[in-house]
């Protein structure tokens, strides 16, 4: 079945499903989003673009942004970043402090909160105007100038993010941050506040389906090897303690965010973004997961 | 670079490397193997067959056999087996009891020892002559009649396997085994004693690169969906707490054993087996891991 | 208030209380005991003896026996036993395997199951007829010849004790047992099957309230220093993860068993035993705990 | 042997011992203290007062102060404080975050850092000028007006206390703090900065050896029951994961601080304070522990 047909059928099927997820409520601002939003957009390396539902509406991409900050740090610093964090699935939730205590402050991977903070720390130490330069990097991936941080969201997180404050100070206590926790947290909350639509997301991430090169201006963002490794990381660690389930049922590299967004990549084929705000108990979009499962089943394509 | 050239160059390069691994010594019989053995064999869906070094010598495949017992249980019982074990990477070592205590006796995945025991329990409950029927199933994958259990190895494991006895009784105490621990352990130790050469291994596992269908007699062993899921499982969970590293550096679905063997699968392309007995600190073949990393780099092919 | 009055008032009060505990059901034989049994007996160093309720009925003393096996091993081997186990409260349940994994097979203290097994192992290695010699030692504490093991109970435990089999093999896998797990378990289950009445218990343990010396025949069982240390151990570790609560509310050295018995010691004053089979959620006798709390409040005596 | 003789002999013996401890260096100011300081002072309920060495020199009492803040909160709020923290030994180090994650933000006891923060939170919510009123309470225990906070020490802790910032925000994230982490930490660091000499400490804590009543002005600070419970808590939880060892070898209720001080209480007899800055690997004064062990052995007195 071709992509458009597979998306259309999957969309219709999942739209009717009872949504057993719950909207994220630990950040007051996130809880204000319409719970029934549902959008999807695919962009292929052959330049097919197709979307359904609320695919042009911007939402808080939250942890999906951790892939982008990692790309920039990885591009700048190369493999030496891995001396400060690992590439292993954590087997625990996204904000667990237990493993950090066992592992002496070395986060298991760059997609759990602790790992993302270490990446932020690397950007802070190596960029003159980190927040602006990261935004510039992100915008350059697709020439979408209107992608931006949301001050409302980041302020909301700053007021309630006690656990992230705990995590960040905990890493610092092990000596694995160069900058002060306050600065790291400040940038971290901004990073998580980035907003984009499904359409924009699928275009932003297309370079990872295209061996590290953008389609709109043919820039090699990451080398072939680094691009493959980014996909490997997303596949093994992109969904917290549901990463195995995602590989098992969907079979793509991907990353989710508590705003209900998911980006998924089929190397050499496409990037696809889906958004539905209600989350399953593991913190991943309930309908988003189901949609992608249907889609890869119907399109009979997965990386396995 | 074509497969033969990539294998040849990788083989030569890794052959010269200092082997920083250590031979497994917890089972006396395994410690008797020549530490410098090094063999590799590829079998492609196009029927290319090529090997180097000790690729025709049989060795103890150990945990690699857990993929085969899982295939049989999955084929027979379908998705309902997942009510008794998970599909998530564990984030801990292969024989950890900690997670079992937290998870009330539900193993995280079928490739850690605890999970393999639950699969064994399923086979025991559903087969008349489990040990013989499993062997028949394995032999049917490639018509290799001389693949067999090793009584010497299994007896050696039975005498020293206190930790596995602990694991098995622990699962039983949570009610997640139907059969008595003694029976489960008996079959488990036999399973791990299976012997095959690299050549045989790459042929045995070819059906997983071929959408679940054997090449030698065109039998659909597993459905397309189940075959993809087996590959996903191997990729996220096949190397214990080094699974992320394997995905990151090698980028194939695979499974290792403490005998020093590794099987790796590139869906739609090939199955490749490598054997070198000395293990790194995570319990995976030191040279085997390095070889596959070189090979996928040179052949510029990975699933990502 | 004097002891007799304090016991009488506490007994009456607790007798009327609703028993919110549950009878231990993991060993079928234990579940057969009358749930409303309630007995108490005090023996003082001044030779006051006083009991109420079912104080002459024998019951399964279970883990209380671990104090007696420890006394014998400690008497025989002295402080060197502490190279194989600790003297710290565990902070976890009585049969946790987690800490053993972290602590490389060294049990935190001699009263959790793992620690008791190490003590059993010491007795097995140092006695000719361990089971009989332990019984002789116990009987000598008070000349009670009819204290004995219960074959019914020990057989019942042997059939269902998967978790203890797991624990024992786990310790063995770390090299902290000299004998085979099967032998250790066999003796362990016999130890836990010992039966005594409240009257007998308070007499058996009187030597620990009397600086290590028996009253009936003035034998120095343990030195003053060792006797004090036994009491300290009971106080910090005698009630699993409720040891702090017991020290806080009762303020005596003591040890409980899942048969619903508790022995408590006030150094230089008395030994008191109480029995009521229904257990609170931590595995200690619900009414037994309440009785002792009332008793030390009314008698205005505790070691603090 | 009488107390003066036992102290003198123990002091001489331990003075000559090689000090295998290390001075606390995580707070720069603490590292400036003379490593060979060694002082001891006893105050008995019979009003014997006797000291040796640097017993009149003030030092940073650190965690010993947690007993005093707990006394005030317990006096004011009674048993209801235990709904927010436990009375169990933790089995882990003083600043572990692992247990908090397992226990949903309920600290195991009031003497680990997390528990002390909850107590601070209670004082903040119930006192008008918490810092001054706590000081007033402490001074009233003995009429020592020159006991005070040290701004130098508290500032030093505030600059390096990332782990405590982590702990405090972690508790807050579970909802177990009413006040903002910044306020709690501020007071917490002040509390730990309190300075007193051995002489002052033994007088401050004498009321706990005297059933809750001060000797200098006969004030009932805590009821008999509460006073006993404070002693029980110190005994089971006062030395982090060396509490069992302290009960086993010393046999008194006590509390240590990373400044190298220890206060120990023999109910109905005495309070004794010892100070020597170098710490063993568990964070307790190396010579202080040894001194108390000798002292209770020579005086042949312990609560057991």
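Going by the order they are written in, the chains are A, B, C and D; count residues from 1 in each one.
The rule is short, and it goes like this: a contact is a pair of C-beta atoms (placed from the backbone, for glycine too) under 8 Å apart; a residue touches a chain by one contact, two chains touch by 3 or more.
Worth saying up front: this structure is predicted, and the values here are computed from it rather than measured.
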Quiz item: What chains do chain C and chain D have as common neighbours?
Solution: none
Practice problem: Among all other chains, pick the one whose mean CA position is farthest from the mean CA position of chain B. | Solution: D
Practice problem: Averaged over CA atoms, how far is the centre of chain A from the centre of chain B? Could you give it in whole Å? | Solution: 32
Exercise. Take the average of all CA coordinates in chain B, do the same for chain D, and state the distance between these two points in whole angstrom.
Key: 55
Quiz item: What whole-number Å value describes the gap between the mean CA coordinates of chain A and chain D?
Solution: 47
Quiz item: For chain C, what residues touch not just one other chain but two or more?
Solution: none
Quiz item: Which two-chain combinations qualify as touching?
Solution: A-B, A-D, B-C, C-D
Quiz item: Once bound in the complex, which stretches of chain D touch chain A?
Solution: 96-98, 101-102, 162-163, 165-170, 172-173, 181
Quiz item: Which of the residues in chain A end up touching chain B in this complex?
Solution: 86-92, 99, 108-109, 224-225, 227-229, 231-233, 235-237, 241-245, 247-249, 251, 253, 267, 297, 300, 302-304
